[in-house]
Amino acid sequence: MVGVYNHPEAAKICYLALYAMQHRGQESAGIASHDGKRLHLHKGQGLVSDVFAPADLETLPGSRAIGHVRYSTTGSSTVHNAQPLRANYRGGHIAVAHNGNLTNADELAKRLEASGAIFQSTTDSELLVHLLAQNRSEDFVEALRASLKQVRGAYSITMLRDSEMIVFKDPLGFRPLCMGKLRNGGYIVASESCALDIAGAQFLREIKPGEAVLFRGDDVDKFQLLQAQEQHFCVFELIYYSRPDSIAAGGSSIYKFRKRLGEEMAREHPVEADVVIAVPDSSNPAAAGYAAASGIPLETGLIRSHYVGRTFIQPTQDLRDFGAKMKYNPVREVLKDRRVVVVDDSIVRGTTAKKIVAMIRDSGAREVHFRVSAPPWKHPCFYGIDTPDDDDLLANQMSIEEMARWMGVDSLGFISLEGLMNAMPKTLGYCTTCFTGNYPEGRPRRNTKLMNADGVTTAQDHIAAGVWTPGE
Amino acid sequence: MVGVYNHPEAAKICYLALYAMQHRGQESAGIASHDGKRLHLHKGQGLVSDVFAPADLETLPGSRAIGHVRYSTTGSSTVHNAQPLRANYRGGHIAVAHNGNLTNADELAKRLEASGAIFQSTTDSELLVHLLAQNRSEDFVEALRASLKQVRGAYSITMLRDSEMIVFKDPLGFRPLCMGKLRNGGYIVASESCALDIAGAQFLREIKPGEAVLFRGDDVDKFQLLQAQEQHFCVFELIYYSRPDSIAAGGSSIYKFRKRLGEEMAREHPVEADVVIAVPDSSNPAAAGYAAASGIPLETGLIRSHYVGRTFIQPTQDLRDFGAKMKYNPVREVLKDRRVVVVDDSIVRGTTAKKIVAMIRDSGAREVHFRVSAPPWKHPCFYGIDTPDDDDLLANQMSIEEMARWMGVDSLGFISLEGLMNAMPKTLGYCTTCFTGNYPEGRPRRNTKLMNADGVTTAQDHIAAGVWTPGE
Amino acid sequence: MVGVYNHPEAAKICYLALYAMQHRGQESAGIASHDGKRLHLHKGQGLVSDVFAPADLETLPGSRAIGHVRYSTTGSSTVHNAQPLRANYRGGHIAVAHNGNLTNADELAKRLEASGAIFQSTTDSELLVHLLAQNRSEDFVEALRASLKQVRGAYSITMLRDSEMIVFKDPLGFRPLCMGKLRNGGYIVASESCALDIAGAQFLREIKPGEAVLFRGDDVDKFQLLQAQEQHFCVFELIYYSRPDSIAAGGSSIYKFRKRLGEEMAREHPVEADVVIAVPDSSNPAAAGYAAASGIPLETGLIRSHYVGRTFIQPTQDLRDFGAKMKYNPVREVLKDRRVVVVDDSIVRGTTAKKIVAMIRDSGAREVHFRVSAPPWKHPCFYGIDTPDDDDLLANQMSIEEMARWMGVDSLGFISLEGLMNAMPKTLGYCTTCFTGNYPEGRPRRNTKLMNADGVTTAQDHIAAGVWTPGE
Amino acid sequence: MVGVYNHPEAAKICYLALYAMQHRGQESAGIASHDGKRLHLHKGQGLVSDVFAPADLETLPGSRAIGHVRYSTTGSSTVHNAQPLRANYRGGHIAVAHNGNLTNADELAKRLEASGAIFQSTTDSELLVHLLAQNRSEDFVEALRASLKQVRGAYSITMLRDSEMIVFKDPLGFRPLCMGKLRNGGYIVASESCALDIAGAQFLREIKPGEAVLFRGDDVDKFQLLQAQEQHFCVFELIYYSRPDSIAAGGSSIYKFRKRLGEEMAREHPVEADVVIAVPDSSNPAAAGYAAASGIPLETGLIRSHYVGRTFIQPTQDLRDFGAKMKYNPVREVLKDRRVVVVDDSIVRGTTAKKIVAMIRDSGAREVHFRVSAPPWKHPCFYGIDTPDDDDLLANQMSIEEMARWMGVDSLGFISLEGLMNAMPKTLGYCTTCFTGNYPEGRPRRNTKLMNADGVTTAQDHIAAGVWTPGE
């Protein structure tokens, strides 16, 4: 998610920023711009480079723009659910990009339907626009505040209106959002600081829980839109999701933090071994940390193909199991006859980890010791990270010993929650619900997730039955 | 517009029907189907054959379906405005296809906005769904009736809901809608009878002003949804818009009617000449009638390319004026040294007619007499035919004499309104507002037309500022 | 096929010309241009408007260009077979567009293979380039003459080389080729005069059998490349294939000629009837002639959809037989209770004709009398018209009486060969082999046809086993 | 390049293998298969995943298949130059995939032209097919041997004929080619062993210089097609080009070798520094080696975006220099106030290296020491690696000192040729021409390179003037 204000090439900067944040969503991409007269929108299914042809950026004039990349959840992969959302209402035309998930969407949807609302998408983000439209206040900020008071869950949002752009975070501050200054004096807000880098912008600071920044004319008003609560910054942004060259949590390097996790693991789960290898690319820093702290040499034991994820073949016969191999290939000489420590950054379902272990053993490794730079993931996330149900989370179903046996490893170690928190930058409070099950507002009802899982087929403009209809 | 009820291949029949009615809209096409559990939708920009690949029809299961083709108005050529519209609301999921134009859209939009509605498209058709959603009645037909009472203008509509399909016409019955029986016992409704022919259906009858037909389970309930008023069936459907093999106005052949117009013109505007030619293809029947009544031989003086309308070239230099030639080419031997009567079915801006006249003169014609099988078109239509503003209607700006001089013809004759009405089937009342300026409910405010003219560029998913914002 | 010489927008004129001649080939289209330094080529599968996007014409600079549209024969629908062909050889770079068919292709292919030639396409046109490449003469025209002496069959060809364009016809002059002067003084050659019209060119004359025109610098040299033989101009160009607004056979109007055929038929096969109808659009002139000569009124009894040929649907159940209806729909009121004369311009397999007759009877016609403005088509063409094998030609398999019974008509009349020849312009000699079986050079061996029927699937760049391998 | 013999899913295995070797060519991809009756071919521009849709593999039946990916050279990016090439000639149908470059292409082309050959592509690979076609021997292997005796340069080739597949290497063995056994008993040959891994095949051995393997029926005949000469295996395959998980040069791990290069560099060019970083991904192993041997810690100082290379934007204003940032982003905390050793695997033009250095300095590095795990690249390659002309090779134009100054580094060290050769597996002889200028057969004339540089625009089917015309 990105917003650019007061730059003559606002849409192009959004494009570059989305490109830098492509890892945050490969399902769809979109940019809305405003040229003072009209709101322009272009969005579609696919990668940023697929959705935007050169001519498309030309159709997005204006000095302010917002953009979004969405990631692939189970369903709802339709162009109608791509963001930014656009709507016309009493207050004019508005475009909205939303990172996060509302947890009381069911309840809101029922209430809005009763009052006569009609829905075009199956995203929770649309609900917020309805709340805004039904508010009677003439003051936009007041209407927004009143609307948000009805909403629960995680949201970092950018909105583009006729003459202004507003960005804000929910009161618990689940998801990241930072702000930078462009070389020409304009502003950029983005989910990650790597988007500021590509635009040559100077990092200013992160947006705080409940805070809003309103860009209007030449003014930049920062104020508390909602009363901040204890921060619950998503710990997985640091562990896995954000790019390592981004900074977060009060200006800390994510790369450095991940390396510290590896060091902590080496202390918590030492083992005698010949070589440390990472599951590339995201676990590289943690593996480096483990190697440094343990003194065991770090080698490249697995090569990752960077063309992965773009194939379709369904072979029969001899070609079974080629899937994991399309992504990873072992470097045999590194593994043969060695005692190998494999460092990964998380275990969700465990299926890929199991295949990697088999691959390493097939390469002749004598022992395989698996180390995970996150605590056991036991509880689904309702705040913006796509996770399977409880039943599909390996750590929810097995003890660590059972997991080790099932994966076929000689030892298995997860970093402790305490160790994790010790390694974390102390500037923020964190959401660790996925490890603890302590949902900050109580565990949301499961059907809320249907918001993003309506079983729609993925063809362009393919739209099937919706989501929150009470009777369904 | 088409609806199919109780046929295992409902979507395929819709496809064929839209194909047969492609002349009614080349801008976008769409089909929604319902399989008892879900509402499915596929729509896009372009011809029916462009929008639907073989696999797309497979994604539209169910025994009931509705479809639509929209024509190219000045703007709003976006996939969001393609029909059928789909929405979720309190009453469930609904798909709507609408032929016609609402005349109080501005007023409705303002009222709906005030009550908190948000709009996704810039079509007047969306307004109707909002009215329906805001209605409190538990009875769908009552809610629909109450909603329609707030609406003015022209509409023939098909709606698809979970278990039922409903079709209805506005109280003045502007636009066509007929009903047929499929061979398997199911039903089809369509704008034109040629769509029934291609599906092998038996023509039953036309829907009457204010009438609705509700298909539910095995029942077909016909009833007066709104009180009928004096019918204003669009006279241009007969003169120009419908296919000549369709029947309308109580079962009359459109081909025969157009031929009668030619005969009437021969009586009203006789001339001594050597040959009668048509501006193909739509004027062929009128030309045949003129020839038959006048005794002047009918020949093919202009050949029309059927690949026309699919080019883009912008040549400089010597290639000017190739545009009209890409559509029409004269048959010189028919025209050379002859006194030629050219029969056309309407003059809107007059630019094409002028070029045709020049082409005929270049081929060596001695005299050119132009005959038009419609009265002078002086007033814009607000009821579903795309027309330019008053200033761009040639007959609004010039007398017949001035037109003749400007076009470069030796004589110019339009059928009289009286002659036209004499030739019309007597079964219906007609809307002749485009000739008389007598708007049945008073002339609508011009900005209503903005509904279909929001200046949006035509790229897929390209959406710009909307329409009915009061301040615009 | 078209060639343009000495015009700054040569490729654009080719584009327009191909557009006007789209009826001559819908399978593939291509243009090659030369800018004095390089030969440029763009070609692909599909209609002219599909193959050429705006930017594509920009990639074809230069003041000389040639182009081609190919029609769909049974196989070989691959981009490798699209024309113009391009090749590099000792004489430089050359592009070739060929209308017609060589009849000794098998023999040539075997001989060339033996001498070491390799083939990239499965078209007979490539053979000619090989002959040229193997010729030792330094003089291009001499090399061409020597090469053509080895070739038999039908060819009208345009070739583009570095500094020159050459066009020529085979010694029997099977296929059309005419020449015109552009407004700027440049030249255009094309298969049909309608291509000259769209370019605003002045018709000069047709190329004669065995004649060549060589455009070099500012020179236009016309000379006899090969000794002319008795002309065998394809009679089907006049009966059916060419556009009615083209002129052929010494400047005669094709429309007029077709009308004379109708008049002749009325004399040869009179019948008492109420109405004459055409199978539109190609039979319209003949129907008009029949009506004029017989005094029976001409009406439009069948409406032809101009979107036809672009669908794919394969319906089961009730939708059988929709195929013919997608192309034609009857005007019932014209046919009901009438004795109908249907005029068509040819019967090949007879299947469409049979369906049309059924359609007319279903509409309530009392009698159906079928009249064909060509003699019975009994023998396959080897000179450029795509025809089925002997066994699939209805007239080859049945007597006229049997055909009438099979088609379900009350009477069936073909124009006599004598009547046809009487109606023909007397300026040329004609090829009537398809009616008589008198092949001018003896009947070619059937496998020659394989040249254009290699069973290749139609996917872009899909190429399968070839053609003239001796052992096959 | 890949070939599969005797596997029911031969084309699918080729697809997987090409996917694994995508780094060897992103320009075009293609597969040819033979089902005993016909040769099938599918090829196109783009990545393997772009060129092959699921249905395309279905059109490639048969138990033997060959495939190729080509990389982007300056020109000739046309579908006609995509491989495999297909041709028909006296010997039947043949498909050819060629990795490498012929050095006497000009001379061969002239000779072939003189004898009457015509060329369809602008690749040197086509020349070989011509030589084969012109050979009179009835024995295919004899004809091939005689043809190859006329050819000089680098080639690893797979050929598919009716009933057989043959693979072979040039006598100096420039380019890699290895052979493996599929689980079902069939065979696979491929440029790199990573392609064998993805297919689950067992590595057998590398093909030797001048050796051929002929697969016919159930026979696998290995024989010396041409007399082997001193091997000149491309050293750049080991340094940079091959995947690190491939093995080469007698079964050596490429990863291990690259690490040894880093160690050697640490010995040759030691420096006092705080951190070693790699230019990811290809330099990671060398950087690890440098760190290990020097004792300086290895960190991740640059993050590489894996979506790079797929954008087009041309920004003005503030967005200059975003290009390098789209590919690399620094991790500031790793670089700030540090003395940094940057390890790269080669310097060609030097422009990217210069930008990386600036990026590192901007991040606050105190010193930047650049180490290159290849000797200075001074001479263009004519044997299959795409290189710029002498003038564009930085090391050809500047001394090491000048380069250091131009790049803005505190020190610059290249591995010595001696050091490189010490680190190389001793099993093979190597081509080091790019460092030494000792071309094994004398330096080829420059115009040979035109073969792959004909200035053709990249549009599909866009073909311009060719290549080896003598006069050009």
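Which chain is which? They are A, B, C and D, in the order written, and residues in each are numbered from 1.
Quick note on the criterion: a contact is a pair of C-beta atoms (placed from the backbone, for glycine too) under 8 Å apart; a residue touches a chain by one contact, two chains touch by 3 or more.
Just so it is clear, the model here is predicted, and its values are computed rather than measured.
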Chains contacting each of chain B and chain C, listed by label: none
Distance between chain centroids, defined by C-alpha means - chain A, chain D (Å): 37
Distance between chain centroids, defined by C-alpha means - chain A, chain B (Å): 48
Geometric centre distance via CA averages, chain D-chain B, whole Å: 60
Contact pairs between chains, per stated definition: A-B, A-D, B-C, C-D
List of chain D residues in touch with chain C within their complex: 37-44, 56, 59, 79, 86-90, 92-93, 113-120, 122, 129-130, 133-135, 455, 457, 459-469
Of chain B, residues touching chain C in the complex: 7-9, 12-13, 15-16, 19-20, 22, 47-49, 53-54, 57, 182-184, 194, 197-200, 243-245, 247, 253, 255-256, 281, 284-285, 288, 292, 297-300, 303, 305-307, 310-319, 321-322, 325-326, 329-334
